[in-house]
Structure formats: C-alpha cells, structure tokens
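Several structures are given next for inspection.
Here chain A shows up in two complexes: once beside chain B, once beside chain C.
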Partner chain A sequence: MFYRLSGVHHANYVSDSRIFKVPADRNLTAFIFLIGLAAPFIIPSLYLNSYMLPWLIWTAAALGLNLVTGWAGQLHLGYAAVMAVGAYSSIHAARFGVPWEFALIIGGLTSSVIGSLFAFAALRVKGLYLALTTLAMQFVMDWVLTHSPAISGGSHASLQSPTLALLGQEITTDTGFYYVAFGWCVLVTIFMLNLKRTGLGRALVAVREKDFAAAILGVNSFYYKILAFATSSFIAGVSGALLVATFFFLAAPEQFSVAVSIQVLAMVIVGGLGSIIGSYFGVALILLVPGIVNGLVVTLSDGLGMQIDVETLAHIPNAVYGALIVIILLIEPLGLGKLYGNIRDYLMVWPFDQFKK
Partner chain B sequence: MDWVFLSELAINGALTGLLYSLFAIGLVLIYKASSVPNLAQGGLTMVGAYVVLALARDVGLPLWLAIPLAAVVMFGLGFGIERVALRRLAGRPVVMILMLTLGLDIFLRGTTLAIWGGTSRSMELGVSYDPLFFDDIFISRIHLVGAGVALALFVAFMLFFRTRTGIKLRAIADDYMASWSVGISVERGVGLSWALASVVAVAAGVIWGEIQGVDQALSLLLLKGLTVAVLGGLDSILGAVIAGIILGVVENVVSDFLDPLVGGGSRELIVAAVLILTVMIRPHGLFGRHDIERV
Partner chain C sequence: MKKLTKALAVLSMFGGAMFGTQALAEPFKIGICYDLSKAYTFATPQVSQAAMDLAKLINMKGGIGGEPVEVIVRDHGNEPQRGIECYSKLSREGVFVFDTLSTPVSLAILPRAMEDGRILMQSLVGRGDAVDGTVFDWVYPIGPTYWGQAANDVAYIKQLHDGDLSDVKVGFVYFDYPFGQEPIEILETLSEKEGFELELYPVPLPGSDQAGVWSKVRRDKPDHVIVWMLGGAHVVASKEMKRNRIPMDKYISVNWLNEVDIANIGKEAAKGIKRGTNVVGGQDIALYQEIMAELYDKGEGSGPIEKTQDVFYNTGLAMYSIMFEAARKAAEAEGLPITPTSYKAGLESLEGYDANGLMAPITVTAEDHGGGGKTRIEMWDGETWVPQTDWISEYTDVVWGVVKESSAKYEQ
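What follows is the complex of A and B.
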C-alpha cells in the first residue's frame, strides 16, 4: 500500500513548540552533529578544507538569507554585497589591531547597519521591484568597493587577512579553521531553529504571508522588516568575515560579486524557502555538484579516449549549475527541504509506524 | 560649455539608448503577457548572437539568410522554454519564477560557452566603422543602424498588437482569468510572447555583437535592459523606447561630468542609480500600469 502522511500535525501547544517535531529529526541531528565534531579525524584534510569548510560557512550565510527571504518573505539579490561589508570591515579592524572576537562583531554590526539600508527599499516596494532594487544596490556596492582603494586595499584590490586568533589562540591548522566554521554554523543553526518558536519568528511569517494583513493584526511590519534585514545582515557579515579569514585568506571584490549574490539565493531556493535542513542540502548541491560533474566528464572522456576542449570543460560546471537550479525548481518548487520532508513523512507512515505499535 | 560636444554626447547617447530599448522590448513582451520578469533575456541575447554566427561561419550561410534562420530557431527555443519550464511554475510566487529565469540565464550562458568557446568573435555585418559627420557631430553608423532596427521593431509590434493575435495577447496581459474564460488559449499566448522575445533577442544580439563583439559580455546588458524596462513601465513597449532614449542620454551626459570626479567607470553607477530612483519614486515607471493591491 502506497500512502503517506499529509504532514506532521500536533494536538497540543507543547508538542507544537518543540524544536524537533519528530524524534527522528532530533536523533538525526545529534548523529550529524557528532559526525561534524569528528570530521577532522575521519575526513582527509584536503576534503575537510576544500569541501567541508566552505560548505559550513556558506550554509551559515544561506541561513541568514533564508531568514530574510524564507521567513520574512523579502527578496534580496544583494546579499553578497552585505557579506562584503562584513568581511572588509572586520579585516580592517583586525589589521588595525582589534582582537578577532571584536573584529567579527564589528563586521557583523557594520553589515547590519548597511544591510538595513536595503530594508528601506523593502518598505516602499516588494516582490519583483524589491529584487531589482537590491540588485541595483549590489551594483552600487560593487562599484564603491572597486573604486575606493582605501577599502579594497590598494592597486591590486586585494586585502591580506591577518592570522585568525580566537580566545588568545592563534588558529593556523586546517582542523582549527574547520572547528571555527563548524562552531559558527552550529550557532546560526541553533538560532534559526529557535526562531520558529518565538514571537519574532511568527511575526516574520505573518509579514511574509501578507504585510497589510499583518499590520491590521497589530504586527508592525515596518519594524519587523528592518529587524529581519538587520539580523540577516549580521549573519551575512560574520559569515563573510569568516569566509575570508579561514578560506580565502585574501579579500577581493570578485569574491562578493553579483554572481555570488545569485548563487546564495540559488542555494536558499534550491534548498527550500524557510527550511533549515534544506539550506544544508541546497548549499551542498550548488557548491559541490558542478565540480563533481566536471570530474565525471573528465574521467568519462578519458575512459572513452575522447578529447574535450579545455574551454568546454571550463564552462560545463556553469551549465550544470544553471541546469540544477531549473531542474530542482521544476521537480519540487519548494526545494530539497520539502523533498526530504516528503520522504521522512512517507517513512514515518510505512516502515517505522509498524515498529511503534 | 561646449554645446557641440554636449549635443554630440546627447545624440550618441540617444542612439545607444535605443539599442538598450531593443534589448528591453524583449523583457517587456514577456512581462506584458505573463507578468514574468525574464532575467534570462541576457542569456537569450547571447544565444541569439551565437546561433547567427554558427549558421554564418560553421554552416557557411550568407548573413542575410543566417539572421532570419536564427530568428526561426530562436522562435522555437522561446516556445520550448515556456513549454518546458515556465508553464510548470505558473502561479507560483515571484521569487521562484525569478530564480527559474536566473537559472535559465546561467544555463544558457554556460551551454553556449561550452559549445562555442569564450573567445570573443566578431559579427562582421559589413557596416562601415567610419563615423558619419553632421556639421561637427560624429555619429557611429552601426548605432544608427541599430536605432533604426529598434524603431522598426517598435512600429512592427505596435502594428502587431492591432492584429487578431496581438489583441489576444493584450487581453491575456490585461486579465489572465477573463481571457481564459472567453476561450483564449492563454498558454499559447504566453508561449508566443516568449518566442517573440527570443526573436527580439536575435536582433539585439546581432547589433550588440557587431558593436562589442560576440562574447559573454552580451549577457551583461541585462542590468541596462532591466533599468530601461522598469523606467518605461514594465508592460509598455512605447515606454521601453522612450526610457531607452532617456537612459542613454542621461548615462552619456552625466558620466561625462562624473567620470573626471570619481576616476572613471561611472556608467554602471548611473544606471544602478536610475533603477533605484525609479523604483523608489515611481515603481510602475513612466507608462506602466499601476496595480492596486488588495489585502
């Protein structure tokens, strides 16, 4: 018999406000958390550094964008610019001699302030027009960044990041970098998991569904929109700073271009709007699959004895990346998070329901 | 103040602006019929230019035959994109449709470059590079040709919207549900608008390819095209033409004053500023329809 649950429904407020609605989710999370902790001892350092670390930091960033786009329903095509603000301000602070803990917070706060500017566009328009305005703001930010040597670091437009040091410990090893990224990602995830259960989260959802209707119910949509932008920008700023401090080691304007904004939005939407586990999946898919496909193409062509143009190879990941976005949206517009939910609900009905009884 | 120089800037700006309109007409056609912001128009333009080149160079057809053939190919591609991708997302929130067109854009660009390579190619339309002189004012010939094409397309679409099919498209643009209920095939109408926008993309691709070479940079016209479309009102073709002229003049004249102050490259900034100001002051643009939202 093929049947599945229509969704997870609750009979009382206590069960409705649990972090994990389903025990399986809690167990899975604990398991993944343990794997994450043990990762440096399991995974070879090359993979740890070039796959796991960017995955975690981009996930934290994507969760920030999910807050503003998935929860508060405000389109944001200038997220990379906000990340750039955080990255540049905390690296300048660190170079100035501010301890890294404070430099990161400074980066986050500066991002919050600049990112709230985007919110003023959100107060006037929404939907498509908001997307276009934030896109234009991204271009303005890019322009400011590349045209002011004082920010971008002189004629080469690159800024060396000082050695990361937290709590008096200099962090130089791959393992150390990994744990910093892991810690930040866990923090953001815990924040986002709890957001759903608070009044703030419910207000944001009300604003998303219909801001006029929310206003009639007494939710100050002006205040919550700004709050959403400021919070997500804080997360963006710190993520941007950590990305440079642990992964790139060198800040350059191209790392935060329009294409990157689109990429983060793609991660969030492919993962599923408003879905936390979805953001993890989405980032993994967008970040890793194009490279993997390219590797496959190379092995296949070598195996078949075919010669593929270098230029063709260079552009295949891009084509795959675009195709992934289109295909996932066509299969399940609500993203990978929804697919995961469907599979989980199905399993809860069929094999695992039998064990419970 | 040098009036000759200023009018030269303004005239050439207006001509360039009409070329932006050429691009923006494609955006407007699709938005008008289906309220979908087509962020893949840059990718389509690029594909259009590459298809023309593929027919002309790789197959060896003369250009006068290659361009109409490419238009036919792109007509089919536009129909196909609507049928395969856009139709399945009809009625979904705008964020998903935006993302879909962005994904299409990335896919079209990646595929085109994977097939034909990223090195810049020239279109070689055969238009002379010698500028025309009117008194002391230089005018580039290719810009003049492009502006002519843009105006011709504008007139053609104005006439088209008076034909039976055109009236159906206008009805769809006005009200989806109502046109459905009187028996207009909305799907076919929206598909047709995508196909027409793809044909416009061929025209834009050929002209812009002649001006700046056929390469990835063609898709960067998107920001300018969007700005023109929004300034004119997203659902007005007349608006796109007029806004194109305005943007072209403003960009050319203001950047001439601003460039020495900020050290060059202020064009992008001006375009972005025009887009932000338009949305802040008059989101529905100069000639667009102002929709009132119900709670």
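What follows is the complex of A and C.
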C-alpha cells in the first residue's frame, strides 16, 4: 500500500537500472531531503550543531568506508588515519592561503595518494592480515602526528583551522556549517547511490564475493581494490577536513586515533555492510546514542529524585548502549540497514502479504 | 509611528526586566564536563566529588552573595564530539564556566569558548600556552603548566646540588605522545643554560612495558629521573627500578601520582619517591577537615570517603576553591548576577590566594592566566608526603619564552 508497485514495469535495462525503482522510495528520499534542507529552521540550534552536523559528516565518512569494506569487501582498520591526512593537509593548505575549495580537494587527493600507497603494500595480503596491515597504517600515522610538530602544529599537537570560506563567502554561522555538511553528505550519498548501478560497483561486488572468481571473469581485482581504496580515501580526506573546518575548528591527533577508526568500522557494521541508508542509521547509533542515552538517564534520575553517584551515572548509558548494539546485531546480523529493508519488504505488499506465503 | 516606538520601548523594557529577574534567580553554575567512563577515570571521580562537596559546603554557609551555587557533572567519555555537545547544552542553560579535565575535549571546546566568550578552566590539562592571557582571553589554566612544572623540578635538582648542575645528569622518562613530550623543549633549553646533561627515555603507550627503558637508565646512571607518566605506568616503572637497583629517590614524578599508585607500588617500597605538586597532599588541611566535619561525619558526603583520601581530591578542592573564590570576588565587586565579564574580572583579581593553606598561592592577572605556576616537590616517607621545597616558580623567563612562541602560532 505504501510502496505502490502497480504500473511499475521495467521493460528495458535503463529502466531497470534506475536508482529508485519504486516511486515511493524516490518520494521518501525527496521528503527527507527537504527536511534536511529545512532543518536549520525547524531544529533547535543545539541539536543542529551538536547532533545533526557531526552526524552528517560522519555519515559521509562512513559511506566512504562502506565503499571499501561493504562494497569491495576489504577490512580497513586505519580509516581515521586517512581522515587525518585529509584534515591536516587541507588545513595546512588553507593556512598557506589556498582557497578552501582547493584546499579540500588537496586534502582529498593527499589522502587518496597516501591511502592507496598503503593499499599497494597492504593488498598483497587478504582478510585478517589486511586488517592488521591497515591497523599498522593507523599507528604509523599516529606516530607521525605526535612526533612532527611541523605537521601537527604547536602546543599539544593542535592545529588551528582558518575560517572556512566557500565561493567567496566566509562561513561562520551554525546554519552555514550545517549546509556545508549537508551538501557534502548529499554529494557522497548520490555518488554511492550511483555506484550501485555502474560497472565499477558491480566489479567491486565481484571482487568482494571472490576475488579470483572475479579475475576469471576478466575483472582485475588488484586494480579495483586499489581504486576502492583511493576513492574511499578521497571521501575520508574531505570528510576529515570538513569535520575540522565546520565542527572542531582545530585538528588534534586524538580526533583521529585508533579508537575512532574502530568506531567508524562499528558504524558501518552496525549500519549494515553495503547499505547506504544503513550507514545513516549506524552513525546515528554509534555517534549520537551514547550522548542521548546519557541525557535520558540523567533526566530520568533527576526526575525520580534518585541519588546516583556520578560515576555510576556515567556508566549506565555505556551499558545500555552496549546492550543496544548486541540486541540489534542479534535481531538482525546484517545491521540496521537490513532492519529497515525488512520493514520495507513487509510494507511493500502489506496488507496483501498473505499472497506471498 | 510614535506609538510604535513607545510600544517597542515598553516591550524591550519588559523583556529586559524579565530577562533580568530570570538571571537573578539563576544560581551560579559550573559546568563539569568530565570523562567519568574512559581514559581519565584515575582522577575525575575524586575531582568531581571534591567539586560537589565544596558546592554543598558553600551552600550550607549561605552560597555566594546569598545565592546558592550549583555544579553540573556530566560524562563525555573523553570524546571531543560529546564534550562539545555537553558544552553546547549547558551553555544554553546559562552555564558560562566550564571545566573538562581532558586534553582532547579541552582542545575541542577552546575555539568555541573563545568565540562565545565563556570561561574555560583547564587546570592541568589542555594546551599549556593558554596561560598567555593576551591571546587566550577566556581560558584559565590555573595551576602549573607542564613546562613550568618541569622547570621547577630542575630548580629543585639545582638546590640539591648547591646551585651547580655542570656535572649532573638528568634523565627524562616520558609517555611518547604530546602529554609527555611537552616538557622536552624546556628541559633542553635549561640543559643548555645550566650545563647539565639530559637523557631522553621515551616510553611507548600505555607504558606497561618499560624493561628496555630502565635498563638503559641503569647503564646511563643519571643522578635524577624526571618522570612524565600516569597511573599504572608508575607501578611498572617502580618494579623495573627495583629490578635494575635504581634507588627510588631518583624518581621525580609529574603531579599525576596519587595514593592509589603508592598503594600499588607498596607503601614501604615507594619510600623516597618524589612528585611535583601544586596542592598539599594528605588530610591535614583546614578545608578538608571542615568538609569532613560538616558533610562526611553527618553522612552527607557526595561519595565514598576513601576517595577523599587521595591527592586528586585535594587537587579538585583546589581547582574549585579557585572557581568559587573568583565568583565570590565577582559578586562582591559587581554584584549579582555574575556575568562572564564580571567572573573574568573576579578571576583576575585573585592575589596570593591559597585556599587557606591548601595549595600554592596563585595570583591571576590579565596577562598570566596560570596564576604564577608555583609547585613544590614532596617526598613519600613511607607514611606521608614530606615537602622538600617551598612553593617555587623558577626559570619563568624561559617558560614564558616557550609560552609566547607557542601562543603566537595560535593567533596566525
């Protein structure tokens, strides 16, 4: 009923490879896009700048990781390091006087180069060995950042970001920052939506399923793996740079530590490997839920007038949050994206689902 | 038209009055966004307990200027993103004094606090160059910077060697990341100036393996070892020192060495260990005794009493005594409600304040937001901490040279 299928016939390949095969999906996406556009006017500024903005930027980043882990099937444990490369090189470029538009692209390209250089070495091994090699990249990057003041800036290795300016406009308001993040996230999403239906996307999936089988089909798996690493590193680099330019305002090594790498991977896995909408949900769960649960628990204990000591109060949300992840993965091992897919599949034929049985 | 202006004027007056009364009824609040669940839990529970106890005590005595005070404790799990969330949320609730006790979060909040004109207290954490009040208007790292602490340690060593360091060898054992690396520049400058030999011993995180480091220390035979590590790493170091037969009294720790570490090393085994500190250790302190009498003896303490028997509890008392004293000064000078500007003036009017013998006296000025950076060296004698020096603040010209050089980079 909600996803009306009547009259939807795909008679040729072009029609069959549309992004939205069902009009309801397209309408829903358009609706969410409009809400996103109107967010600064309908969402209080606190939520806009401390929830929505990081959520969108991290979603863009997670989509990048999803490209390499979800689509191409390569486990990547050094994603935050790649983001750091982008962030630091963009900021250095911007401090040097390069306009921000180019600085962001420079950041993306540097990440891309360094990310794929590592991939060259790393891709000689597979699976868990690859995961460990990428983890090594993370540690190398951490070490470089904490040991080279020229890169990481002065005191406590923090590097101030110049004011963001795009198309000659200085961006200083919450609304402005939000639109930059929103724009970037939309761009990455459109790219990922299209990736699904291109030869590149199909090649990546083939490599993921079995790389030598893909080779037999004539897909150069090494080339596509490098390509996946390079593209995802580009997205990581720009996302890292935007994260600093619109949210942190200064770059510090802790913002891109190994813990962050694992967090992004968790976002992708909880959200669902290879799922775009899943990445949105996954980021919301991993990034925002701890803060929200924390707020809820505090309000609850205040409201009930309970005397809980601050340490316990801090640990309850962690326990709730951990339990939430376990429960979600128990209910649906393929992640939140699949959970959404299940609901969609159910509604697709509702109330006539008995016909399917 | 006239009517309209009149109406607008009345409206704005009304609005102003409403806002005014609202602000008056608000208690003075301090936003404590702490890491109570991840990396900083070795100190945050004690410090926040001290803050809550102190607020209770002040309210029992009638608050500040007749208004109660409030401390709001929230967890940010050492994640910059959640720290920013905590800051944004509380600052919309009218909080304008913040403390994070976490370097990553303090760094993340700093640009916002500077922009919004809110007070960021960052004693013992965050970027050291923030003591430069001419650049960092709204940031107050009251207490010693790591640079100042290291300089004071060298001054202490100089006292031990009767003012001549020319044939002295000093080792520096440090966590190999920004926290531990910070004093290196100062130590190198001082080594050149005073002529002592400096050996660097980086310790990889998390400091659980130090075997190589200490056997190297044994070979190099430094006369003193200045140590920039935290928590369990002290215990590992003490074991390795025993193994290499390095006497404990060579060990001069950064302020992050507490009673829990001493207990883990063993009270007897730790004999002779030294630490730099800006607060008095132990329980023989007027303010501590008062809190015991007024709160804990009546069962109204904010947490278990064991946590108060820890130097980080004293550190917390010191930090928050300063913050409340500044509020009192602000209320005295400019009346209620306290505003960010009047609070800032209150902080900058602190002169020789030592919270009745709890800590090194501090004098905050518009230029020096660190309060002078005095510390002293204490030694563990098996039972208690014995002061080895007065409150000192040495080589200030060298320290400020580094501060200025670093803060100039922020302005760019």
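Note that the second predicted complex is superposed on the first by the 320 of 357 C-alpha atoms of A that agree within 3 Å, B and C clash if a C-alpha of one lies under 4 Å from a C-alpha of the other, contacts with A are read in each partner's own complex, and residues count from 1 in each chain.
Convention: a contact is a pair of C-beta atoms (placed from the backbone, for glycine too) under 8 Å apart; a residue touches a chain by one contact, two chains touch by 3 or more.
Bear in mind that the values here come from a model prediction, so they are computed numbers and not experimental data.
Once the two complexes are laid over each other on the shared chain, residue contacts for A:I216 go to chain B alone; chain C is not touched. In the superposition on chain A, contact is made by A:V326 with chain B only, not with chain C. Within the superposed three-chain model, A:G176 lies out of touch with both chain B and chain C [touch as defined at top]. When the two complexes are overlaid on their common chain A, residue A:T133 makes contact with chain B while staying clear of chain C. When the two complexes are overlaid on their common chain A, residue A:Y51 makes contact with chain C while staying clear of chain B. Contacts of A:R95 after superposition on the shared chain: chain C is touched, whereas chain B is not. In the overlay built on the shared chain, the residue A:G36 is in contact with neither chain B nor chain C.
In the superposed model, A:I262 lies in contact with chain B only, and not with chain C. In the superposition on chain A, contact is made by A:F249 with chain C only, not with chain B. With the contact threshold set out at the top, residues 147, 309, 311, 314-315, 317-318 of chain A are in contact with chain B in one structure and with chain C in the other.
Residues 36-37, 41, 45, 48-49, 52, 73-75, 77, 79-82, 84-85, 88-89, 92, 103-104, 107-108, 110-112, 126-129, 176-179, 181-182, 302-303, 406-407, 409-410, 412 of chain C are the ones touching chain A in the complex.
Across the complex, chain B meets chain A through its residues 37, 84-85, 88-89, 92, 94-96, 98-100, 102-111, 113-115, 117-119, 223, 226-227, 230, 262-263, 265, 268-269, 271-273, 275-276, 279-280, 283, 293, 295.
Residue ranges of chain A in contact with chain B, taken from their complex: 69, 75, 121, 124-125, 127-129, 131-133, 135-137, 139-140, 143, 147, 210, 212-213, 216, 262, 265-266, 269, 273, 309, 311-312, 314-326, 329-330, 333. Note for the complex: chain A touches chain C at residues 46, 49-51, 54, 95, 146-147, 153-158, 160, 247-250, 252-255, 287, 290-291, 294-295, 298, 309-311, 313-315, 317-318.
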